[in-house]
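So, here's a batch of structures to check.
In the two complexes below, chain A is the common chain; its partner is chain B in one and chain C in the other.
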Partner chain A sequence: MNTSLRKDFAFALAGFLALALLPALTSSTALLDFVIRCAALGLFATSLNLLVGYGGMVSFGHGLFFGLGAYSFGIIMQRLGMPIPLAILVTVIFSGLVALVVGAICVRLTEIYFAFVTLAFQMLVHSLIIALSQFTGGDQGLRGGIPRPTFFGINLADHSQLYLFCAGLLVIGLLLMRHIVSSPFGYTLRMVRDNAKRAGFLGINVYRTRLTAFVLAGMFASLGGVVMSLFVSGAYPEFAFWTMSGEAVFIVMLGGTAAFLGPLVGTVVLLLLNDYVTRIAEHHGLVLGLVILFVALGLRKGLLDYVMDWRAARRIRAEEAHPVSALKGD
Partner chain B sequence: MSRKKLSAISRRSFLKAGAAVAGTVSMPWVASAQAKTIKIGFPTILSGRVAQLGNSSRNSAMMEVEKINAAGGLAGRPIELIARDTKGQPQEAARVARELINTDGCELLIDAEASTGAFAVHEVARDLGILCMHTNSETSSLSADPKLRLPNAFRCARQGVHDSVIGGIYAAEIANAKNLTRWATCSPDYAYGRDTTAEFVGYLKRFAPKVEIITEVWPKIFQPDYTEAITKLIQAKPQALYSCLWGGDLTSFIDQASIYALFSQMQFYAVNMADYTALTAVKNLPPGIHSGNRYIKTFPATPANATWGDAYRAKYGEYPTNWSWQNALCLNFLSEAAKKANSTDGKKLAEVLRGLKINSPFGADGTVTMRAEDQTIVGYAIGWGTTIPKEPYVPEMKTSPWAKVFELEAEWKKQKGYA
Partner chain C sequence: MDLTALTECLSSASCMVTQVTSGFIIGMLLFLVAVGLTLIFGVVKIVNFSHGVFYMIGAYVAMTVYQATNSYAAALLGGALGACGVGIIVERFIMRRIYSANVLMQLLVCYALVLIFDDLVKVVWGPEFKAMGMPEAFRVPPLFIFGGVVPPFYLFLIAAALVIAVGLALAINGTRFGKTVRAAAHNPTMVSALGINTGLLFTAVFGLGCLLAGLAGGLAAPVRSLTPGMGFSILIESFIVTVIGGMGSITGALVGALLIGLVRTFGALGFPLFTEALMYMAMAIILIVKPTGLFGREGT
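Then we have the complex of A and B:
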């Protein structure tokens, strides 16, 4: 295990322990609900950032995989009654296969064409969900609750156990994605993003690299969908609607694309804003609109990107002011 | 001597005064413990295209809460209604419902959501076991499907199948009398539109066997332009047209169809027309549109209903909607149940609610019953009539006995595998 991976693993373990200790510190079920929702949307947004931030592919149809994850998992549990871990595995693999088919067509395209074709596929899946009502419940969604049979002594019908399970999925998902972006593949993906032609001339198969990223992003997005379906005990067509993709794009913009945890920060900020503003104001759309304006026009980058740039600039200024001590490593 | 006397008086006085002070100081605490506010969560849609209906739900609920509180509250406990916006998104509806219970401490839930959100809140009620009253979802399966049923969830809203039975009977009478055999349908392309249309057509054909559907058009929900649908309908030349378009979709369709003089070429049956929001939004309401009642203060034609409609208008400056009466009725049911149970405990209220019959301005015979078998309301006023472009908008409503509705509903449940 190299140093970087060991550091990430330690960080993930610390994160999970902090989340696991939370129920001992507070009796607030709402806070635990908040973390579960952060897990669902955080996985979803971070997976989108694999495409947007690391791959330079702005997908407007990423909600397809979030919805697919929620529906696949819900239908498997309702109709087949599989053990939950197996159902999650099947869901993620199935979403990966769908991503492979969709991606095989989409990743050949770039920029706006890529964005719109992904959106077209998302709307196709959304229409299928509405049309196949005998399986999906149509526009009423998957009703009747999602069964949560006990596995390995874990009972997800118990809220605190559900919380721990979702926190675990979040940490594992983020750790895996972190490992992906830190791997040679992650650096290849960045190279393709920065200059696909040069990468091609260096012998990199650009198409395969993009397709791999697309499939991986689809799989992690579906994991987010699984968490959301466990939280609401159902699945709804809105999960696969374009607004869901729009929300993820906004989260990524809000949190930042350069920092790995940017989308997670964006998720926390957006959900906090949403929950708080909805409680105190009726015209919450106005407040959220102002936040978007502030980020887009004021910061011109995501929150975490802004913080990281500010810290880097401070360090450079300090080094310029004390060049000798900087060289000595003081 | 004087000191001893002073001391004796002082001790007794002190004890008396102490007792008096303790009693006085503790009175509000005792009183507050007895009359501790009961919080009722009210997730509904307060933003977006359906916000007007959500606002009208909250308005009517608040109006009834004020009445109940003035009369002593729910089993002696004043009600605090906490309404919160769900934006019409099911995941947000689930979140808000959980937040209302877990954070705000709501002991009861009035789910004033549209259907999709209602199913999400239904699952929250299943998870948390709280008493939940669905007040706006008309999707029949919510209460009819035994697989979805919960002992702690009730529906206090009209149902698609009930409306379709009465509408089918009404339309069939006219079809038989005027020999209207060529029909068309134009309904929104989603579950509510398709299910309600199929049920209406089924009952229409049952009572008027000569009826034939010659064309069907299914515009998308919230579609702005109906030109294609209108031209297709005009080309098909039906004698009558049925639609369950609603809200802004219905008014847009009527405004656009009027330009093509569609309503002079065929009779129009619109189940969702007779609601003040739709009636007043159409720029030139054509006379003679056949409609089912949603809410109008002249049906049922009772002083109680007219008084309620006028009181709402006086308070909020507009007439109530279909969602308004359903939410008002829900509070009436809760109030009556709390009186009978002498408690606000959800389980005790649920026991009393099953089969509870209350006097109501919205009842066909002045009463509405919460049917025990599927925990949904029956006996509310359903009628059909033709519109005129000014108040009272639908001067004469025709209806059918609820016994007929029960008979046909039982058949429908068997067909669907619900019974």
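Then we have the complex of A and C:
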């Protein structure tokens, strides 16, 4: 195990322990629910950043996989009664297969076409969810609750165990994605983003690299959907609606595309904003729209991008002041 | 699936007439929105994801003007000019800043505009479904063509959209403005070096696109229900139209729009639950077989 992986592992463990200790400090279920929602959307947004930030592919239909994850998990649990871990595995693999088909068509397209054709596929899945009402419950959503049988002594009907399970999924999902972006594949993906032609000359199969990223992103997004359906004990067509993708794109931009944890920070900020705005304002879209305009036209980059820039500037200053010690220090 | 209904209709002239005309009105409305989308993309090089907003504004303004003046001509004019005016303001103050930005930024700004205008419409006109009702001039008995029932307004709508399509094609190919637009689509830097104010030209093209969308909204107001989310669904469909027809081609937009209109009406007979899915599948097939669209040029 190399040092950077060990560092990520330690960081993930610390993060999980901090989340696990949270219920001991507070009895507020609202706060724990907030963390679960952050886990669902955070996994979803971070998976989108695999495409947007690391792959340079702006997908506007990523909500497809979030909705697909929530619905497939819910339907598997209601109809087949599999053990939960197996159902999650089947859901993620199924979403990966769907991503393979959609990606095979989409990833060869140029930027704006890619964005809109992914969106069109999302709307296709959304219309199928509405149409296949005997499986999905149509526009009413998948109701009747999702059964949560006990497995390995874990009972997800219990709120605090559900909380720990979701926090665990978040940490494991993030750790895996972190591992992906710091693997040789992650660097290949960045190279394809920066200059696909040159990467092609170096013998890299650009199409296959992008398709792999698309499939991986779809799988992690569906994991986010699983967490969401566990939390609300159902699945709703809104999960696969285009606004879901719009929100994810905003989260990624708000938090910053350059930092790995940017989308997670963006998720927390957006959810806080959403909760606050719905409490005070009737016209939620109006306020959110103005905030997005402010961030996109005013700040022009994400929150963690500022932190990254500030750190980079400080490192440069330090190197200018003490050229030798700065070299030794790193 | 109900294939017998589809085959029965295909063998009956009256049903064909009814289905084809309703396919054409869907197609014509789509064309007016899609052609603006394609013009703006051709010149300004951004996909105006908020284009549906202007269709929605056109429809709502047309309804209000009609209720105030009781004249459908004034309503159409009001809808078109209202959408055009809002479009010019949006272009001047917001769109202009993202022309050179990356796709992520462009999508986000347009997403924000959709959220803002959908809510503004809710504030001004209320969140519930609205109906304008058929204008007085068209409240006449329907025509019977080969036994098929065709409301006169449908014929007016189709004729109006065709006139606009022909006029637009002539203007783009024949007039000085059209030539400048085509030149700017090809090489805006060169056009500005020749002493043409490209900033103003971009505003004009954006305004024209919004005018057409507003006109489509005004034409749709008597036959569609008005809701704050009505812009988004037509946007997705008109994007599919431009993908099928080829981005940047007016002929492509017309053919693609009619194709989607017919797929929708005949699909609704044969596959009532999967009409939308058929449309997306048509797009996916075109993308696999000919990624530039039916009338698209290579390398765009």
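Here are a few things to note about the model shown:
As a convention for this text, the second predicted complex is superposed on the first by the 307 of 330 C-alpha atoms of A that agree within 3 Å, B and C clash if a C-alpha of one lies under 4 Å from a C-alpha of the other, contacts with A are read in each partner's own complex, and residues count from 1 in each chain.
In this text, a residue touches a chain if its C-beta (ideal position, glycine included) is under 8 Å from a C-beta of that chain, and two chains touch if they have at least 3 such contacts.
Only a predicted model underlies this, so the values are computations on that prediction, with no experimental measurement involved.
With chain A as the common reference, chain B cannot sit beside chain C without a clash. By the document's definition of touching, of the two partners only chain C reaches A:Val52; chain B does not. Touch criterion met: A:Leu297 reaches chain C, while chain B stays clear of it. Within the superposed three-chain model, A:Gly285 lies in touch with chain B and with chain C [touch as defined at top]. By the touch criterion defined above, A:Arg79 reaches neither chain B nor chain C.
By the touch criterion defined above, A:Gly144 reaches chain B but does not reach chain C. In the superposition on chain A, contact of A:Lys197 is made with neither chain B nor chain C.
Contact with chain C, but none with chain B, is seen for A:Arg108 once the two complexes are overlaid on the shared chain.
Partner contacting the larger number of chain A residues, of chain B and chain C: C.
By the touch criterion stated above, A:Met253 is placed in contact with chain C alone, chain B being left untouched. Of the two partner chains placed by the overlay, only chain B lies in contact with A:Phe231; chain C stays clear of it. On chain A, the surface touched by chain B in one complex and the surface touched by chain C in the other have residues 283-285 in common. Those residues of chain B that touch chain A in the complex are listed here as 46-47, 84-85, 89-91, 94-96, 98-99, 102-103, 115-116, 119-120, 122-123, 126-127, 139, 141, 147-148, 190-192.
Looking at the complex, you find that chain C touches chain A at residues 46-47, 94, 97-98, 102-105, 107-109, 111-116, 118-120, 122-123, 232, 236, 239-240, 243, 247, 273-274, 276-277, 280-281, 283-284, 287-288, 291.
Interface residues of chain A facing chain C in the complex, by the touch rule stated above, are 52, 58, 60, 105, 108-109, 111-113, 115-117, 119-121, 123-124, 127-128, 131-132, 242, 246, 249-250, 252-253, 257, 283-286, 288-290, 292-293, 295-297, 300.
Chain A meets chain B in the complex at residues 28-30, 33, 37, 130, 133, 138-141, 143-145, 159, 228, 231-234, 236-239, 275, 278-279, 282-285.
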